[in-house]
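Presented below are the structures under discussion, each in the form of structure tokens.
Each of the next two complexes has chain A plus one more chain, namely chain B in the first and chain C in the second.
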Partner chain A sequence: MTKRNLLMTIAFILVAVLIPVFIKAPYQMHILILVIIWAIIGTSWNLLGGYAGQVSFGHAAFFGVGAYAAGLLTFHYGISPWWGMLLGPVAAAVVSLPIGVICFRLRGPYFALAMLALGEIFRIVFLNIEAVTNGAKGILIMPEITSKMIYYYIALGALGLTLAVTYLIVNSKIGYYLVSIREDQDAATSLGIPTTLYKNLALIPSAFFTGLAGAFYTNYVAFIDPNIVFNLTNVSVMVILVVMLGGVATTWGPTVGAGIYILLGEVFRTTLGSANVLIFGVLVCVIILFVPNGIVGELSMLKQLVSRRKASVSGGI
Partner chain B sequence: MSFFECKKITKKFGGLTAVSELCFEVEKGKIFGIIGPNGSGKTTVFNMVSRFFPLTDGEIYFKGKRIDQLPAHKICDIGIGRTFQVVKPLRRLTVRENIMAGAFLRTGNIGQARHKAEEIIDFCGLQKFTNIEAKSLPIPLRKRLEIARALATDPELLLLDETCAGLNPKESEAAIALIRRIRDTGVTIIIIEHIMKVMMGISDKILAINFGKEIAMGKPQEVANHPEVIKAYLGDAYA
Partner chain C sequence: MKKYRWQILAVLLVTFGVMLLASGCGGGGSADTVKVGVILPLTGDQAMFGTMEKNSFEMAYEELKAAGKTKVGDKEIQLLFEDDQGKQDVAKSATEKLVNQNKVAMLSGGYSSACSNVIAGSAQNMNMPFLVVTGSSDDITKSGWQYVFRGTAAPASKYTVSFWNMVDEGVVKLNNVALIVENTDFGKSSADGFRDDCAKRGINIVFDQSYEHGAIDFKPMLANMKSTNPDMIFAVSYVMDAAMIVKQMKELDFSTELFVGGGAGYTMPEFKDNSGDASEYIASTTLWVPNVAVPGAGEYFENYKNKYGKEPDYHGAQAYATMYVIADALSRANDFTSTEIQKALKETDVMTVMGPIKFEDWEGYTNQNKPNTYVVQWQKGELEVIWPEDVKSTDYVYPVPKWNER
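Up next is the complex of A and B:
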């Protein structure tokens, strides 16, 4: 890590830790917590979709498994859903194993489609095995903690862990191998890289931390049903938009993307009512056209744009 | 036991026999050339050796061990590196990172991989381009990068697929010099090439194939004067 990056990281941590001192209103805290949840999912997705280039349209599967792991603990056994924060990620990682073995036989768009189907399969299965999951009635839990600030710090801790682990993976041999696989799978094979194994090494932590976000979501929101946590558009596709907006295959991209996306989402929802999704369609087009590498990915280009504008202004004077 | 040996290797794509009962041996430390007209099955031979395609029939031995059952990524691990005719650079990685990706096969340490990459960059004369992304390199340098990346995996046998195709005479001279330097470090080379001048100059032994079958094998001059080879390249009138 360069000195500048280290300083930026410390500054970010300080700001994140100190925010609750200044922002106390429950609504604002709620938005911040949502941002963190999405940052965790985005960062996890980015490891598989961004670095390893295996675009998953089914991350809701892992999110939902994590959420239900926490919910079912309480529903069936009366165990505190906080234990789900341990069980959820493990369950999601275990679920990801056979999925990886099967789906990584497919490449590119075929993999994406298989994952899309997978997320839907999970949703439909969880809707229908009512004896286990309580079906569409969902699971309601009684939260033990009501202070938003505590949730905020727990979520922040989870995000910190996700970012740290992702950073370590990406900046190791595994990271180089994942990027090699993304850039050219045949070339990677010719360099002796066991591509399926390494794709799984990206999928497992990716599923693990998505499951962590899911388990936290259950604890925080206190109600889940399959149509919420296994949702195709509001989870699987949304995470892709979050990462695209922030910057694919960048450390901070998903976090930045989550911040902007959630804030924009709130603004549009309060001003445009049910037409708010239209704006996201436009947003996607704008991203693809003007910042294809996301905000963090195009940072140097954006900086240049700003400085050029300044230069032209001063030149005009 | 020879260093590398193919015994009656055959590859059929449906009804088309791309390579048919091809046999050849390669001696350690030598440059072995494979020539043949377009579509004669040269690259298919490489794809079979590097296990990108499964064999329909036949056996391949490397250092006395049978290798035609191994998974594709193991081939590099046991010491057979390859380049691609249609170059496959890791586009958005720099030249150094491309080569590091190869070097990681023998080390898990980033510092060591980087050090190894620097050595290879010096060896291949890519110093000026170390930090340039592979996608912005011109073709001659991409071809050189392919070789560099394969070298980083410490191969004992290197498969070069048309490394000089599309290069101007000066560039291909540089490529030949590089291939010779690689051979001088003790690496055995199998090379596919169209350009006869290149092949005549550097090969110790040449195999000529057409329609997937051997038509001649031997010293470069013998093969070049072989009537079957002339017929395959220039037509019946010249044979």
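Up next is the complex of A and C:
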């Protein structure tokens, strides 16, 4: 980490910690909490999809397992769903293991396809084993905490943990191995990197933190059903958009992407009436066209652009 | 194009910046209005229902305004609509915005059970009165939430009250019934209620299955069902599935003495259009029909049709009636604090196009109106009320003729 990056990180942490001191309005806090939830899922996805190059179309499976771990604790045993914050991530990581062990031995699109199927399988199974999950009727909990500030700091702590662990992994030997696998698996194998093992080492933390976000979601939103938490478009595909928007394989990309995605989505919803979804879709297309590497990924290009503008202005005089 | 793309981007960014500021300044508002937040799915796959409800809210509001009833005390009622896109985290965002940013006096809306659950939970947490329009999950009024009211919608397990009355009067005789429901909150809750009612009367359920919403081929399921030889089928489905099921029953030449739908798809005009003559004699439970003997019901139906060019069904009537309940409660509230509005709602006793509305505590429900339900039957392409006896528009046909004897 360069000195400048370190300063930027400290500044970011300070701002994030101090925000609730200045913004007390619950509505704005709520939006920030949603941003953080998506930042956690995005950062987790990015570790696997961005750095290791293993694209997952089924992160909803991990998200939902985490969410249901928390929900079912309350539903069956009357235990506070906050314990789900411990159980959820572990359950999600356990679920990820067999998929990784089987699919990562293969080349080609098998992992992506298996994940796509996994998300849907979980949705259908959770819909139908009513004795355990209460099926489509979902799980409704009554939250004990009403202050948004507490939720905010818990979510922020979870995001900090996710970012720190991801950063450490990426900047360790594992991270270099992952990038080498992404860039050229044959070359990586010939150098003696056990590719299957290292791909799993990216998948497990990715599933773990997605499960953490899921468990927090249950606590915060207080109602889950299988069609919501195992949703293909609203969770699995949305997380890919968040990461694409922010910047694939960058530390801060998913967080920036989540911020833009949630904030703009909310602004459009409240100002544009029925056309909001359409215009939002157009905007996403425009961003992918103009900044294909995401906002953070194209930072240097954006900077260049600004400096070029200045140069041309002074030259014109 | 390439030359201008950065200019285009700059224009877009400036536009969004302005919009961001504008939405941030949404709060405040004038002191002489009392705001009511209404959360409905105006986009997404439930938009058809959400739009009908929004139109009905606005129609009722205009009528009340013309009658001078939107002025309560020295303040004017103002409706603020929010779109929940049929997603529950968006519903939570909308609730937070209306309560904390727009400072509404009370909330209404709620179409799907999932969204209504989330809005109700948040509203109760913030002590904000919330009047549910459509959300039918039993849990919503079974959680003991004092600030949550449900007037125009029945709990899902109570949609069949009138039908069971028909059975208890000895009109319909049942030994073996088959049950198929879609795998949703509404479908499952309805099925639970139906099973309990069967058990109480010693009726056998010979076939009991749920299916994935949006299925196309029901023939394997119907063929299995046919082999169990039921007297009656009870089905809960949305429009497309409903039409598909009765059409495929006809193709399989599978007749029962009666087919009863549990609301939702089986009463929609689209059901008749999609299934053609297979819809003949199909019965359904419902919460409202335009030709029911309640003052104003027929007028609402006609006015809606003239104004928006489409026929409303019970969802629209729910929204229309809810607006009248809101205006009535606000006119009786001493002031517009949440406790006073809660008190006023609790004391509600008002006549609407959905029948009388009162919020009572019964059978474990809190603030739940005792629903009026009807049994309707498609006869010669028209939806006729056949039960209860005193409001019927025509006689029932039971047992219905077999497909090959028509």
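Methods note: the second predicted complex is superposed on the first by the 300 of 317 C-alpha atoms of A that agree within 3 Å, B and C clash if a C-alpha of one lies under 4 Å from a C-alpha of the other, contacts with A are read in each partner's own complex, and residues count from 1 in each chain.
The rule is short, and it goes like this: a contact is a pair of C-beta atoms (placed from the backbone, for glycine too) under 8 Å apart; a residue touches a chain by one contact, two chains touch by 3 or more.
These numbers were taken from a predicted model, which means no experiment stands behind them.
Look at A:P292: by the touch rule set out above, it reaches neither chain B nor chain C.
Set against each other, chain B and chain C touch different numbers of residues in chain A, with C touching more. Once the two complexes are overlaid on the shared chain, A:P109 sits clear of chain B and of chain C alike. After overlaying the two complexes on the shared chain, residue contacts for A:S180 are found with chain B alone; chain C is out of touch. Of the two partner chains placed by the overlay, only chain B lies in contact with A:T195; chain C stays clear of it. Using the contact criterion defined above for the overlaid structures, shared-chain residue A:N234 touches chain C, although it does not reach chain B. In the superposition on chain A, A:S172 contacts chain B only, with no contact to chain C.
Once the two complexes are overlaid on the shared chain, A:G157 sits clear of chain B and of chain C alike. No residue of chain A lies in contact with both chain B in one complex and chain C in the other.
Chain contact summary for the complex, chain B toward chain A: residues 50, 52, 71-77, 81-82, 84, 88-93, 97, 100-102, 104-105, 108-110, 113, 149-150, 152-153. Interface residues of chain A facing chain B in the complex, by the touch rule stated above, are 171-173, 176-177, 179-180, 183-184, 186-195. Interface of chain A with chain C (complex): residues 25-27, 30-31, 34, 124, 127-128, 130, 135-138, 140, 142-143, 146, 221-223, 225, 227-228, 234, 263-264, 266-271, 273-274, 276-277, 283, 286, 290, 305. The residues of chain C lying in touch with chain A in their complex are 5-6, 9, 12, 16, 19-20, 22-23, 26, 42-44, 47, 82-83, 85, 87-90, 92-94, 96-97, 99-101, 113-114, 117-118, 121-122, 125-126, 137, 139, 143, 183-185, 187-189, 210, 212.
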